[in-house]
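Chains: A, B, C and D, in written order; residue numbering restarts at 1 for each.
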């Protein structure tokens, strides 16, 4: 049995968090798209709204009227023009709809969603879709934070804004976690929500391994920089070395050397690098090179999941050395929702854990995040593994 | 003798026009940069202000305090980072300073400029610089209009905005202008303002020529499209044909074929193409191909100037077949102002006349506008010439 | 104890095969490099010779004199300029050294190698290096064949040349191979040669699986083409679909539609596609899309290896759905030889088996070949897997 | 009346010179295409042959049989595939037809051309076409030399080859040439051959000018390099400066700094720069920057032509400051020959004079050579002009 009342509350709480993230922004901050990976905040706010309108209200709420016929192609993810339209949309160049217009769209959809959730009899299939909508909006909440950071962190004025995240300072060295050779069951089990890529649960054979109890800190990583890590090809994967050369990479994203000292951009502005917190905004190439320099390696996603219960893992998305591939028994849903994850299973690397930017309630030990190995605008970090 | 009072008025009138152009914009419209040629409106408003601050106030107004130390590299044209700065600026990705911040900057500089112009004893060299400042801001006023048009005209919502320009509808066919073979003097003479590229006046030998009294209209140009003009390489310069193929060009900029009819974006929104007005937003490649299809050609800038008095030329910037090169006796000023025009004398084509977007008082028969031959976001048109 | 006499024979046999592959070429065929993946045949002949000179003769053969001081950077793999050199080499633009010059280099090195192998007392470490040299040259033999095919197959004259390979025609449908769920040991065991990437042997848990006994044939693949497989994004990985669109892919490499019929280039020239042989020259994207269209999937490399003994696998390199990653316990050798495989463990996909172009004696069930998923100039094919 | 016998001789002499240029080459040197501007020597030899076959023999020689049906698209200039062909040709990747095959093609066409010229009654229109053919082949002779130089000069072995050109060493300083203000007639007059772009003759008004009697030498140009000319943006056109930065240009093409000394590649191999000869292989950007550094400028093509009789001009193609535009009265021929020059009149700069690589008899004061301003693989030089 499903408690409809709670569902409305839950809906409104998720929706409110998206707006809370943007509370400190100026109108102009919502608009720009400095790189293709980063979407304008107003697009995230519009796109998540479009999801509810398109997949929940239109097919299920009798008499619902679409807010604006053009928004469906401005805010979908696929940029296809439809109907009489003659232009490809291009997220970063769209000054309209305005920010106020997007908030009005959110208010309209939220009102209709609340009314719908309050009164409708929600069948299990629809409930599953609504739960997917919550998780979809939560994924965009983390992207909102990382995209806002990219926008402000690449502005020469380095503006500070309030942002509802808290950096965790590791209190004391944590013990390493030893994993005994044997068969482990991997993947999501039970009744709770999970994405399709966490299925099916299956057995994996894992060897003896030791995972570090701590993430690599800025102090640790500085030692790599100072040891010439970015200048020595021996530590790097071939693709990683090409990436370092092509982009003249010298440090993690947001780090700047100012008069001999390393500073980095945070939501408090440009600040001296805090040596005690886990290194952040590194690519998998950098994570792998650092590990190699230390004579260690990155864990596989299976080792990580097998050890997850014994690890403290809420601070950084942890790069693994596992390519993002389907689990045995993986299947995709019918229709557009089926495109959710499966088609991205090529060229990407799994990250495990969660980060300071991950919304509450949106993490679990079986969660598989994934990005290309050169991406580093997420809150990514490094956990060493040996043997 | 210079009337200082008048100069303040003149200054404030020029400055007010820049803001009048932007009156219909939403905050978001000021921010985006869809292509590298198009600058965000707030950048134009800041950059023209920076010009007054840097070249007039700082060296001449005793005790003037710079508004914000970082604005000098955000709003100069050269994108060099200076001092402790660690980031390259990138006009289209800068959400800060905000639009309100730019208007505050304008107000501060305008106040100081007014006070300075009211009280200072303006030497002739400084007067020349102030006049250059007026003309510089007027150039950016036309760019403001064309850039706003590009931003809104590439938004799938095709927003209408109020804009202080009026399309001229040619009343009746004008007579062709015959130019008799002989020596003509070209270039600016007299005491009024001109840019360095209009100097020195010099003699040019021109052959018998006939320039059309009318610009090519949309109806004329449609005939070229319908005759397969964009599909037949014989009409095109080699570079032009490559441009057509690479960009899949099928019509002037802002034209869209919707259900068999041609529409185009104007500041009133997406409208059916008005057949009677001069064709607009064509590249020199298109102008040249059209002329070739008609068995005619584009005029040289010398033919145009020699005939200017007999032509009606305020509606479109008219593509010539003259490369933008220095006149005999051309010299550049010392210092940064000397970079104004001369260094662009490569790879560009001269346009003559003026357009509906040109500010009042900013046109003259010797004016040399210039753009690369593929550019078409300006109000460019075609005048045929024969013999 | 090592039989030195045999080693010389073995050396000369391997070396002779490289030259046999090139026997049908014209001088001009040795020179060109149509794409970056394809090296000019004369480079392969020179590079393999440089390997023997640099790693065996120079450090081990007393009194050996380098053939030509400049060849070390013309023929190494890394394009670094050294010494007084002022130019980067660029394999595809080097007309010198000539083909005759390269054969003279081979003859010189072969003479010195024969003398060295005949007389030297070969320690185990050196023997391992020589064995690596054999395998290195054999890898380049397969590349010689595929690169020659690319060069001639992209020439509008479609020249036929003799080439020592034989297409295997599958005689009759082979039974599918069922793999029972359980633990399998993967990786190379025993004393024979293997590459570092086949180590260490380790246990893997494999689920119930059925691998097709036959490879997908041209007839099978034609059905996919005719069913619109290249036009329907639903069958494709996101990266694969982008690759299809960007390259306008419509069929396997070397296929051309001529007057309604499919032809393809073989070493016999342009011929109608032979429907009975296994499809060849497909990317992993195409292999994956085909499998998805059939409602099946590609095997993992572990499934493949576990089933290898029961499969007929000498005809095509078989795309797996396994990213190329290190095995547990993988380590790299010291020095330049250590760069052999490990640094490529990013962004590539494992292929298993062997192909008609693989030299005799250069295949085994644990061999891990690897290429990016868009590459298709190798003899790549498809084996379907279900469950 | 036309002397047919002489025409055959003339034909064979022109044809023999193309082959004489290639006499020192190895087969491999004929094949490669290091950059798009440079064609493989065998392509030049085939293309000029195709011209005779296609435009003279096929339409005029009764019973002539085309040598090879596929050569027409391998050797035309436009790369269009025709008929049953399925591949775009790509000059630099074509190993076939072989060099021997191209020489056989030349021999076949030469035999038929000789027979035809010996016996046919050549009408004036055909004579004009044959004369165009001579000039076309002569243009490719200069390109053969410059392209061979590029191929060998970018080979790290820096091979020396015999080449039928002689560097002229200027004997003594020549007097400057003063041009008096007034009207000059420009363009080709009389009955001799000229290209369409030299027509129609027309009047031009030229101002008082002084052209240097000497070209800028290597010693002169070295002073510019040593004065930091490549590091100071003030001397450069905006496009030129962008070109310097993008390509990290530090010296003329073929110059290399080896242990503190400047060397350059010549057909004798890599040699110390000869200070006394005119600087060569500079772009127009470099020519313009050098002139600006000297407080002078480049001549216009009209100044050059007006002064030509008084200048010594056989050593380098001299960059002008004139864009390549049609003369008054310029018309193009009907058909494919009409595409010869006119369609390139965009984005290019006129060069005047001739070079040490220009075939005897292929130069005249009205000749207009043209290249983009960044090109420098031709024998280009600098003549300063003042006032």
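Heads up, the rule we're going with is that contacts are C-beta pairs under 8 Å (C-beta built on N, C-alpha and C of every residue); 3 or more make two chains touch, one makes a residue touch a chain.
Please read all numbers here as calculations on a predicted model, not as lab measurements.
S.K.: Measuring between Cα centroids, what's the chain most distant from chain D?
M.R.: A
S.K.: Go ahead and note the Å separation of the Cα centroids belonging to chain B and chain D.
M.R.: About 37 Å separates the centre of chain B from that of chain D.
S.K.: If you average the CA atoms of chain A and of chain D, how far apart do the two points sit, in angstrom?
M.R.: Once rounded, the distance between the two centres reads 58 Å.
S.K.: Distance from the CA centroid of chain C to that of chain D, rounded to the nearest Å?
M.R.: Going by mean C-alpha positions, chain C sits 44 Å from chain D.
S.K.: By the touch rule stated above, which residues of chain D touch at least two different other chains?
M.R.: none
S.K.: Among all the chains shown, which pairs meet the touch rule set out at the top?
M.R.: Per the contact definition above, the touching pairs are A-B, A-C, B-D, C-D.
S.K.: What does chain C use to touch chain A in their complex?
M.R.: 183, 202-205, 207, 236-241, 285, 288, 297, 321-323, 325-326, 328-329, 343-347, 373
S.K.: Spell out the residues on chain A that touch chain B in their complex, using ranges where they run on.
M.R.: The touching residues are 26-34, 70, 73-74, 81, 84-87, 89-90, 92-99, 151-152, 154-157, 159, 256-259.
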